[in-house]
Structure formats: structure tokens, C-alpha cells
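You will see chain A twice below: alongside chain B first, and alongside chain C after that.
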Partner chain A sequence: MAVDTAPAPALVDERAPARHLRAGIVYAVLGLLVILAAVALLGDRTTTVAFDKTLTDASWDAPTRTVVLILGVIATAAGAWMIAGLPQRWYKIAGAAAVAAVVLALLFWAYSQEGTVFRAESILAGALFLSMPYIFGALSGVVCERSGVINIGIEGQFLMGAFTGVLVANITGNIYAGLAGAMIAGSLSTMLLALLATRFQVNQVVVGVILNLLALGFTSFMYDQLKKADGLNDAFSVPVISWGPLADIPVIGPVLFQQKLFVYVGLVMVAVVWFLLYRTRWGLRTRAVGEHPAAADSMGVNVNRLRYWNVVAAGLLAGFGGAWFTLGNSLAFNKNMTAGLGFVALAVMIVGRWNPLGVLAGALIFGFTTQIARDLSAAGSSVPGEFLQMLPYAVTLVVVAGLIGRAKAPAADGVPYNPGDK
Partner chain B sequence: MRLELKGLTKKFGSFTADDDIDLVVEPGQIHAVLGENGAGKSTLMNMLYGILQPTSGAILIDGEPVSFSGPGDAIAAGLGMVHQHFKLVGPFSVADNVQLGREHTQGMGVLSAKAARKAVRDVSEQYGLHLDPDAVCEDLPVGVQQRVEIVKALSGPKTELLILDEPTAVLTPAEITELLQIMRNLAAAGTSILFISHKLKEVQAVADTITVIRRGKVVAELEPTASESEMASAMVGRAVSLRVDKTDAEPGEPRLEVKDLTVVSDAGVKVLDGLELTVHSGEIVGLAGVEGNGQTELARSILGLLKPDSGHISIDGRDVHGRGVARRIADGLGYIPEDRGRDGLVAEFSVAENIVLNQYRDAPYAKGGVVDAGAVHKRAVDSIAEFDIRTQSPDESASSLSGGNQQKVIIAREFSRSRRFLVAAQPTRGVDVGASQFIHSRLVAERDTGTGVLLISSELDEIYALADRIAVIYNGRIVGEVDPDTPREVIGRLMVGADLAAAEPPPAAEAETADVEASSDTEASTDEDANGGDR
Partner chain C sequence: MSDSTATTEAPAEPPAPDTEGSEPKPNFMRLFGGYLTEANSVMVTIYSLLLAFLIGAILLIVSDEFTRSTFSYFFSRPQDAWYASRDLVVESYTSLFEGAILNFNTLEAYRAGDAEFGNLLRPLSETLTYATPLIFTGLAVGLAFRAGLFNIGAQGQLIFGMMGALIVGFSLDLPIWLHLPLAIIAGAVAGGALGAVPGVLKATTGAHEVISSIMLNNIAALFLVWALGTAFLHSETKSDLVSKPVDDSATLPTLLSSLNPSLRVNLALIIGFAVAALVWWLLSKSTFGFRIRAVGFNEHAAATAGMRIGSTYTTTMTAAGALAGLGGAALALGVSSGGITTNTALDYGFSGITVALLGRANPGGIVASALLFGALKAGALSAQPDVPVDISTLLQATIVLFIAAPALVKAILHLRTPRGGLVTLEAKGW
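So, the complex of A and B:
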């Protein structure tokens, strides 16, 4: 068979050194700025790192200027290497090293002020906890979009989950009933999207936007009504699960073995969704339907039914994520308390390339930077609070533009499927 | 399996796509359904496969009436279909594509990759269709993808009837020969085959019976011994000439010079790899090749839609580097795009607006930046008459026209302006016999006025009919430039990567390709149905 033996088209050689002028210059300049700042501004400051939960007495002082100088040199060297030309497969590694060096340098700098201590365990544990809404929202998005339905309404499902969770917990007096209520509320609010997207083939982005506004209006209205009665919007909190002696291991203990229920559910869901998506019949069909619905249809898969149920199931995840805002944080419901994090979760999904493991990585970056920003502003950093709030997004921008590149959505994402179309 | 269709009818609103179709496929028979683009072939197959529900009529399998509410029912009843546009999930492996919809599991819905692999190996060995179960489908050549489709269709619980919808549209001559042999083997093993095509030679080569459909009705039942012109006139409904009249070319100065052109795709593949090509005035150079070997990128680079990574393009003796598309068009470049839906027409615009799309800024169509509707209308009326565009009025939207008439709108736009060089990519794709005859004669007339023409076509018939010189493209390079009297199998071998010396025919090779070989090389290619225009 001639076709099998025919030579493949020529590839660009992966091992041959290639120049990356633009990226190289950016990294080199960033590195040089870091070096310059270290020399000019840092003086003889020190940065203190402490394990604040397990080894409360121990702390470690590092000379800020030296550390930042070394990190600056690393970033500059990576940039210079790119300008000089490096093998293709080293490009991303060099880029990651440069980004990590610059971020670490900024961290050391930020924590070098008098009176600030980098409380490693609190910060890392908080970061993991803060990444949860992104994980739930983005996983919900993955389940929808992998089957070809754009769910821009995650923000609205968060609100519905946050609100209903508190309300049900108050009425029943049981926090787990509240969690179940949050999931059902999230699911009910996606059902409309599912119906409109599959049965009526309406533009999914428009439906999503409308659902967000609907959820915002509904929960705000109900919030005003609940204020009039007592005992309907009181804070409930989920218990912290402590794993006994495991919780005393330095760093790992407080981060992994002394967290709230949400963290464990979130981490398990990452693994579960990954397994379902790549190792089961449901996953194979879901990916097929999102990539090439006509192909799935021609093999007897009911495209719109599968999409419908996927979207409804995704609502369960988003609703549970919504409960994080109230029950997870021991807060009562408040108007628009999700503050756009549902949209950030969508961004996390894209950063994570529609893959649960990528979602985990993206959510952790967001959670970490958010936690740093909170910690610094609480410690009274000289950097204005507005800048600190920009930090998560600025880091994401750098990561996406510099390291991840163009993400490819499922081919049929957002395209309604009408059997009989070709 | 004996399949019988009785009075099958499908209506879309007031439009009748299929009208009272009767057809019988005997066990182990290859039954060809022949018809033009829009004749209702695909609608018929979609009803048979459960994708569409018939308005009236019955489908009988072994004498029992059946009704399919979806493809799943049809598969369960023993039908397998190879679709014209492959239904393969690109990023999936061969095994995953084959098992989709009837997955091999180890309980609880967990997939068993091992069982899926084994199933593919078993079926491919049983029918002699070599396949690697772990290969990713989108990386496979088209011919191999089709083999995946066939294995997929044969992997049903009890596939006894195979529907092949225009299976040869995207294949090389060698792949076509191979496919026809596979079909014969399957039929010999007892599988019935329903073979949808508009390519007369292939139908002649394999079919046991031929049913011709025109405008949704069965118009003829023919034996495979029927001549090509007999089949063609049954398809079109009138006598057709299958030849293009043209004189010898008189090439003049170079109008297009492409030197060392290289384009690297996003994936790091050199889609054009040091391509060299020259086209002179007054000649048609046919660029033959399997689709996806760089033709699209070459055409887009010449127009200026794609920025080459290295190399030079000169049009009319001037290097066009740094010149935008509008400038190149103003300087006399004409372009018939391969995908008229995407690059050729603004579907929502009227016919008149589409006709002046490349001149709307110039007098007399615009005055002081304002479009003169009267002038546009007048020009459209003239073009509609000259190019025989069948439309109710110039104000109708381009999307309401049939594929052939849409193509005539593009031809009208490109040909009613003096130009120095023309790129015609797949100019008769999805166009019926009558319209392609017209387009071919216009291309020859264009050449005779001294324009250089680069004809890009995946239809060898079209290349043979028009080209004065044939260049064969493979993996982004020109692998051979030959005369138009070069035998078909030599070009066929060049198209899959053999070099020119190796491609010269050894005597024994004649028999191998004799199937698709026929006395007349200049059959007008009929339709390609690339846009799924069958309705």
C-alpha cells in the first residue's frame, strides 16, 4: 500500500537551536530589572520564612538582596539563552525557570519588609483552600464544554449554590442538607441552559449571560426578603477535618491533612472527572460529542441527550462550588458575593486546556497568588491593595502568554447539533 | 441481506428531495446509485441509515419492513455506512473511533483498551485491511482514514450491507484502485454494497447494477455495460459532450514565478517545502495532487493571505513581497478559491453585491466613497445574462443559489475584469456537469487571451481536460512536471511521492490501474459535492 510507506512531510527539527528573540528580550529585561532593583533598593533587608503551625519556634532568615540577585541572574540567563538560540524542547523549560525566578524574587522582596513573615504553612494551606471555587467551576466547565456546550453561566450557578446552601442549611439545621441543596440549585439553573442549548439550539453564550443576570437578580431579591425574617440567612460552617498525627507533619500536614471538606471533595473530583473523561464509556462519548457530534450520531450516540445530562451534572459541581462561598467560608449569603470568580473559573478551564489535571494546576496558581495578595495586604504591605488584587490575573497573563500558548477548544464547542445537518 | 426500498419519499417543506424511490439490493451485490449533485442521493442514504425519517414509503430488510429512529437502529439491523465526509473524531485513536457507540468495557462502563485494540486487529485481518489501532486518526492519510471508516462500518454486530457514499472523492488513483478491489472482495464474501457515486468509470468498473437518480426520481436502471455517455445523459437529462475543445497553448513570458517557497504550519510541519513553479502567459498549468499536500497554502500565499516563511513569489515579473491582497488584485491577479463558502462568497450578501465584491470601491460602482446601487444592479444584470447564473433576481442572497450557480457568481466576478494571472482552485467542485462544462470553456477562453492560469484540482480528469502542462505536488514540493499526455498511473504514482524516474510505467503496471482507465481521458468531471449540497 503506497500510502502507508510514503514518507511523512518534513518537520522542523526539534533539536536544532532556534532563536526566540521577543520572549528572550522580555525575560532578560525582567531579570535585569530584578538585579537592578536588588542592588539599588534592597540594602541589607532580610526575608523571614516560618513554619507557623507545626514548628512554631523555628524560622529562617535569608538575606533578601543575595537571594533576589541570584534569581535575577537566573531569569536574565534564561532570556540570554533564548536570544542566543536553544533547542526547541528546552524553550518551555527555560521560560518556566525565568517566570518562576521572577515571581520568587518578587515574593522575597515583598516579604522583606520589617514585620512581615512568610508563614509558609498558613499561606500554602490557604492557597489550596482558595483554589477550590476555581476547581469546582472549571471542572463544571470541562464537563459542559467537552461535550460541546459553552457554559458561561458558572457565575450564576455559584450564586445560586451559595444562596441555596445557606437557606437550606438554615431551614433544616443541617449543613450537609445545605450542601445537597446547593448542588441541586446549581443543577436546576443549568437545566435551562441544557434545554435551550440542545432542544431549541439557542446561542449558548447569550443564554449563559442571561442566566448570570437572572441568578444575580433572583438571589439579590431573595436576600432582601430574607433579611426581614430571622434565622434564614445565618452563617453555617463545615468542620475542619484533621487527620490526627498526619496533620503534624511540617508543611504537608497543615496543607493536606487539616482542611475543610471542600478541599478533599475538590481534589477527589479532579481525579474522578479525569478518570471518567479518559477511561470510561461516558467519557469517550462525551469527548466525541464535543469534538465531532455527527460522528458520534452516526454511531448511534444520542448527541443532544448526552449533552443535556452532562450540562445538568456539571451544574451539580458548580452548585457545590457555590456553597464554598457561604458554607465553606462560614459566611452568611450576601449580594453578588461571588464577585466574578465564576468567570475566572472559566479562564482557569481554558488555562487548564479543558483537562482536569490542567485545571488543578491553573486553580492552584490562582489560589496561591490570591492568598499572597490577601496576606500581604493584611500585613500592611507598602504596595497598594489594588495592585495586589491584580496579582493573580497578572501572573496568569504571563503564564498563559509565555508558557502555555494557544489553547485548543473542543472542535464543536458551542455549536448546536441538529441531526440531519452534515 | 436483501434490501428493498419501496416508494421512499422525503420532503423538506415544499421541496421534495426524494420522490417515490424503488430500489433492490440483492445479497452479495454491488449496487451503484448514480446521480448529480443535489439529485437526492445523500438524502436517500440518510433515510436508509436512520439519520432522516422518510415522509412516506417503506424500507424492507429480507422482506420485513423496518423503521429506524436513529443510526443505532440501522447498525443493529446490519447496516454499515461509510460517509462521504468522514465521521472520524480527529484526536481519537483508530481503536477509539471504531469502538465509539459500542464500547468494549470491563464492567461499570470502564473502557478496556486491550479489547478495543484486539477487535480492530481482528476485523482488519479478516478483511485484509491493515490498520494500527493506536494511530491517531487526524494524522493518517485520507486513504487510511477511509480504511478506518470501512473497518468501523464492518465492526457492527452483524454488518451485512455496506453503504459507501461517494467514497472515492478524496482518494488518489492508486487508493481508488485499492478501494474497488476491497469492494469486490467484500461482495464476494457475501456483503451487499450500496455504492453512491457520480464517477462513471468507477461505477462501470465495479457495479453489478446501476440505478440513476435525477431530481429525486429514479430515471433509469442500467447494466454496467452501458457506455459512459449513456450514463452521463441519464444523469443530466440531456446529451452531454464530455470533451473540452481547445487549441495548443502558446506560452509567452512568465506570469507567475515561485522560488523556494516554504511555509511552516503551527504544528511545525513544512506544508510548503522549497516549492518551485513557473506559469507563463497563455498556458494552463494543472497542479495535480492529493488534497492536503500544500495546494491550499500555495494558493493562499500567491494571493497574499498567508505570509511565507521564506522564498519569493513574483507575479507578472514583480516580486509581490510586502504587497497586500488588495494591491495584488488591483495589479491583475484573479482568484477562484477552493472553498467558496468560506473564501469565495459572502453568503448573506445579494448576488449583485457578491459580483462587485472586488470592485465596489472603484468607479463606476462607487462615487466619492458611496456605492452606486444603480451601477451595481446594472452590472449584475449583465453578468447574470452573460454567465447564465440561474437566480430569481440580482437581489437574492447568494446562499439561496445552488452550488453551481454560486460558482458562476465567483467566475463572473473574477472574469469580468482584465487580469494578468489567474489562480483557479477546484473551480468545478460541487458543480454539475453542465456548469462545469461552461466553467472549463471559460478557463480555456481566458488562457487564449494571454492570461496565465494555475489550475489546482484534485480531479485528475479536470487536469487532463484543461492543462497544457501538469505539475504534481507532494508534501509541499513539486515532484514532477510532465506533459498532459503522460499516462494516468505515472501521475498517480507521483501523487503519492514516487520520484519521476521511478514513476515511469513498468509494463506490468498497466493491468493494475486498468479498472479506472477508460478510453476517454477528458471526461468532464461532474460534481464533487464538497459542500454537502445534496438536499
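So, the complex of A and C:
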């Protein structure tokens, strides 16, 4: 990439030290708080780390106070370095180190209670699995919004996918037919949004929210009706795919090579959507339509037709993500079982800045948060379980508030395009 | 909208100008027919209702096992399928009507002298009871709409209002003329505090209020579960997740219980009408309301005129939250004064969205649509085992889908575009 760009006048000297007063103070104060807490609150507690799936007998006891102290010092040092001034390119690395140190310190602290074990492999594998609905939902959002259609209705498409997946699997007795059914159901429900957004040019946010309500009402209604008959809402589960000897490698094995179909499809879809968006003609047209539809139109792209098919295709992804809730978790359908995760997926899309790779990173963070919250509340943490369950929502709130000003949405996102009035 | 008018092939559509002056005296039937086939807001509302009930009927038929079985031999005996479908739909909608407006069995009994007049009013009282919180949440969503904000957070704000009113309702010992107003205000303050958050976030960081208020809904629901378990709120006599009861001096008096003790409708309904009138005054007569509408129409123009957009967002969302909080107070001090549970809030907040959309964000329309959806809810809850309770959500969502997309109704029924164009509601993107 770098070959065809002439050396631009350096606006910012990458090596010149620069001060980051506000960020530095925040990180330093956080680090000092961690140190203080370690000295004042943590006695001679220990944190047990275990690789519970591959090396079942092995476990390590780490002295919590020492580890937390070291992590606190790292965070403080990173903050102090920022205050003193550091080369520009080190700024992000120092920030990431400080955040990671604080998070790790909190984790060590949380898992230092009597009887809790940090089961590293289960937790990481679970985190990857739990990030899947976010990946599918957010990728679906990316495909819609890159072409300029806001899809608030991901929650509803999840519900439709979750419901139809189980229903079709029960009728046909075949789980893969169920997956296909879920995708089609998701796609049919986005088709309505696509039609309304392109042909009838309605307000996409309003209709998206109504479509959520419609999906909630429809699935709950059908759930009650079908409950009367037997054998239409039994749990089906997708098999775990184990990659033979690869699955026995510590940490990597259980996390990457012993997962359900959803995980592999999700990871492949991240790569596929990224490739399609940035390396193909379709992707270029999609991005053009999302940024400046009139310009794309003048180059011969049929704006509304492209948007229509993009939204319909995005429904396939969201429907598949919906099937995760039932088929992926081996659960029968239940009313409102998606519990607002479709909206969290939208936040993941914003965190990922409308880019599939960013979506992957954001989804992993949210999956990890959810997994830790579940694990801690199952282990009997002193923090009430309800507050742990709030964690993903609270993180979403903070992230959306902190990032959206800086993360730029596609310029024509949510603006209906009417070829007649340019 | 030009391309959609072009694609509409209305067969009976006369050339547009001839209704103007060439015809000397258009007779009444002709004008009436013209009105019926025009996509103005009244007819779109009526057609939306009809279409939604039609779709609801189709879903009832498709999802009912017995009726579906009659379709398996449709070609040999079509009348079976027809009668089964007709009976199912008529029975379902009749039981909705009986639960919401007038029960025919009670009417028979009353005629025979076996039932009191109060019994006859019971379905109506239930309708009004369920409509009361919807008036408040509908106003909460509708007020925000006028400023171009989409407040999906009414559910969380209602939950906070419930808790605020409850805490003042049982913890203070005051005479009724002071206690009741204080408890109601506490509900409004708690709801307003939660409503302010998305407003402040939108004003300062640009975070979209849809996402932040949805997150606050989830947080508020979980917070309620936790709070009900604490010793401060948890009932002293019951073991399940119920709060303490509200003092008698903070309970909203019922309106009709002298007729029959089962008539639950209470003072909150009257407060709801009064608040709707207040919101109407606020929106159409006050400076604050003018600012809200100006920002909603065009924020750039409003900013150019010297209005502060950010503070308008904050105050509007706070006011909207306070309205939803009043709805919570109406629940906690009214029908659930014996103690609130996690189930007390039902889906009043989300239904508030549909109420506001159907009422087109006008206080009068909101009251009317709250009554309609209250009737749907009362009917669905009373018809429950025979008809799935979620038919009310389904019908509501279908109705407002058509309301929000008048172009769809126009295209389905081949209606004409009215003079001023189609009326829709706006909320802004990211």
C-alpha cells in the first residue's frame, strides 16, 4: 500500500515525545487505586489458575497481593509516562497496557475469594462462544449500514431466527434444516425493513423499533399457540466439532479446536465480510452507496436495489445469529429470550467502527465480559448477581457514550435515497 | 414520494385536477368516497386498524391446530375449513371484546336481575385501569418525539418511577394530602433522573438515545430484581419477591369501588387526563414546547435561531422520563399498592412507543390510543388461555407498523396521496 503514496509532509512527528495529560492522569490514578487496594484490602489471599480441560490436575496458586501490586505499578507507570511525554506511536500501546493491567488486576482480585478458581480454558472458550451473537448481529449491522440503511431491528431478527430455527428443526428433525430456516426467517424479516426503507422511504429507526416489537409479539404469540401441540419446540443441539489432537493443545485447543459450528462460521464470516467489503466490486459499491449515494448513482449503481439486497443478505447473518440462542445453546425457544443482546450487537458494531475486524475485537471484549459475569455469579461472588448481569449493558452504555463521537458512521446512514430529488 | 405515486396504479383514480373547479357541485357521496380513498391521516389510521386485525385473524387461523387440520382436506370439504376459521376468529375477537368493553353473559345476567350494574362495568374498568399507565408512557415517548428524540427508555423510567413512589409511599408517615402528592412526585423525580441520562449523553457525547435508553431499560429491570430482594424493600410478611405495601395515606383512591369492589380504576386515570392536557398546553402554548418543536423540525435552524440544542435534548428527556415515572407511580400507588413485583411493569413502557406512534405524538391522540391499547390488553388478559395473551402486542405492533409506513398502506390499498403529502414521524439516525 505504501508504495503508491508520495512521502507526505509529516504533520505529526511519530518520534517526537508528546504529553497526554488527561489520559495519563486517569491511568495513573487508576493504577494508584489498584496499588492502594492491594495494600489495604488484600491480605494473604491467593488466586488459583487452572487449565481445566487439557491439564486437569495442574493448577497454579498465585499470591494475589503481589500480582495485583505489580499490575498496579504497570498501570501507574504507563500513566506517568504519558504525563511525562512519550513518542506518539507508543501512546496506544501504553494505553492498552494500562487498561489490560487494571482489568487483569480486577480479575485476579475477583477470583481471589475462597473456592473460586480461574478456569482459564473454560472461560476463554466460553467467551469466544458467547461473543458469537454479537459477531453475527454486528456483521449484519455492518452490511446494512455500510450501504446506508440503519438496522435497529437486529433484536427482532434474532428472535425470528431463534424461533424458526427450533421450529424447523423440530418439523424436519434435521438441525441443519433448522439453521437454514433460521437464516431464511431472519432474511424475510429484514426484507420488510428493506422494502420499507428503499421503496417506501420510511424512517428507518422508527420502523426498526416497530419491527422488533412485531417480532417479539409474533414469536411470543406463536410460542403460546404451538405450546399446545407437542414436539414443536424441543431443544436441538449442534454437535461440538473436535479437531482430534489439535484439541489437546493447552489453552489454544479448547478455545479454537473444540467448539460448536457457530464459532467457526462466525470467524469465517468475519473474514468473508471483510474481504467482500474491501476487496471486491460489490464492497466498493456498497461503501460508495453508504457514503454518497448520489455519486454512486451517477456512476450507474442502482442505489436502492443494492441497498435492498444488502439488507436482505444481512438478514441471513442475523437469522443465523438468532439460531445461536436456541440451537447453539441446546435450548428450546422461550419468549424474549434474546434479552436485548441485539442492541448490544449494535453497540459492538459501533465499537468496531463499522469494520468486520473491529467487530471481531469488540465482540470478543463483550463476550469475555459476559462470560466473566456468568462465571463469577455462578461461583458465588460477593457482588450481587444482578449487578454482574448488568455488566454487558453498562459496558455498552459507556462504550457508546465514549466512542460514538469519534467513530464516524457512514455518511448517508439512515438517509433514504430518492433518485428523483438530488 | 414522487416515485411511489408513479408506481401506484390506482384503477379508479380520476385525473387529479377535475375535483377542483370543473365539476360544479361534487355531491356528498363523491366527496365521501374521495375521502375514503385518500391516504390522509384519519383513513390511514382506520385502514391500519383493519389491516392489523385482518393479519391477526390470519395468524390465529394458521397457528390454531384444529383449524389447521381442517385445511388438510380443504379441497374435498372447503366448508369445514371456512366454518372452523370463521368460528375461531369470531370467538377470539368476541372474547377480546368481552374482556375489554362489555361481557354479553353478564349483560344477560343483569337483564335477568342476577348481576349488579357494577359487574357490567367491570370490563370497562379493566380497560381504563390498563390504559392509565399507557397514557403516561405514551406521553413520555410522544413528548420526546416532538423534539426528534426516540425515547425507548420508558420501560426503565417507569420501573424507576415505581420504585421512587414505593419508597416514599411506605417509608414516610404523613397525612394523605401531603403523603400522596409527595409519593407521586417521587415517582416523577426517579423516572426523570433515569430519563435524563440518555438526554445528557446525547447532548454531550452524541450517543444515540435508542441504544442508551435500551441499555438503561435492561439495567433498571435488573436493578429492580436486586432491590426487591433487599431488606429495605422486601415484604416483611411474604417470602416471594414482593415489595412492602404502600401506606394507606399514599394509596390512590379508587373511583368506582362503591358500586362494586372489583372495579379497580383509580384516581391515576384522572391525573393522566390532566397531565395529557398539561402536555398539550406545554407543547402548543409554552416557550419550552416551542423550543421542543423547533428542535424537532430542524435542529440546525433552531440552533441558528439561538436555541441551545443540547439543553433542549436534556430537558426533554428529563421531562419524558418524569412522565413515564408518573406512570410507575400510578402502578405502585394504585393497582399494585399491596406491593410491586418484577412483573408489575408488564410491557407498559414498550407499549408506550406504539401508543405514541398511533397517537401521532399528539396528547389527544395519545389518550385515545392509550384507551384502545388498554382495551386490547384488558381483553387479551381476560381471554388468556383461549387466545394467546401476546395477541395484544402483535396487533399493536402491526397497527403502528402501518401507521409508521403510510406509503405501505397507500400502496396496498391503492389510495391517493392527500394534498399535503403523507404524514410520518421522524427520529434521527446516528
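The rule is simple: the second predicted complex is superposed on the first by the 386 of 422 C-alpha atoms of A that agree within 3 Å, B and C clash if a C-alpha of one lies under 4 Å from a C-alpha of the other, contacts with A are read in each partner's own complex, and residues count from 1 in each chain.
Rule of thumb we're sticking to: contacts are C-beta pairs under 8 Å (C-beta built on N, C-alpha and C of every residue); 3 or more make two chains touch, one makes a residue touch a chain.
Bear in mind the structure is a predicted one, so any value in this text is a computation, not a measurement.
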**OP:** Please determine whether it is chain B or chain C that touches the greater number of chain A residues.
**Re:** C
Original post:
Between chain B (first) and chain C (second), which, if any, makes contact with A:Ile70: first, second, both or neither?
Top reply: neither
Subject >> Partner chain(s) touched by A:Ala411 [first = chain B, second = chain C, both, neither] >> reply: first
Subject >> Contacts of A:Arg281 with chain B and chain C, given as first, second, both or neither >> reply: first
**OP:** Please indicate which partner A:Ala100 is in contact with in the superposed arrangement: first for chain B, second for chain C, both, or neither.
**Re:** neither
Original post:
In the superposed arrangement, which partner chain does A:Pro419 touch: chain B (first), chain C (second), both, or neither?
Top reply: both
Original post:
Taking the superposition as given, does A:Phe387 touch the first partner, chain B, the second, chain C, both, or neither?
Top reply: second
Original post:
Now for A:Asp297: first (chain B), second (chain C), both, or neither, which partner does it touch?
Top reply: first
Subject >> Where chain A meets both chain C and chain B, residue numbers >> reply: 419-420
Original post:
Touching chain B in the complex: which residues of chain A?
Top reply: 1-4, 6-12, 14, 279-285, 287-288, 291-292, 294-302, 406, 411, 419-420, 422
Original post:
Mind pulling up the chain A residues that touch chain C in the complex?
Top reply: 150, 152, 196, 199-207, 209-211, 213-214, 216-218, 220-226, 228-229, 335, 339-340, 343-344, 346-347, 350, 384, 386-387, 389-390, 393-394, 396-397, 400-402, 404-405, 409, 413-415, 418-421
Original post:
Which of the residues in chain B end up touching chain A in this complex?
Top reply: 42, 46, 49, 51-52, 70-73, 75-76, 81, 83, 85-92, 96-97, 99-103, 105, 109-111, 130, 141, 143-144, 152, 172, 174-175, 178, 264, 266, 268-271, 273, 475-476, 493, 496-498, 532
Original post:
Can you list the residues on chain C that touch chain A in the complex?
Top reply: 1-4, 59, 63-65, 150, 152, 201, 205-208, 210-212, 214-219, 222-223, 225-226, 229, 350, 353-354, 357, 388-398, 400-401, 404-405, 407-408, 411, 424-430
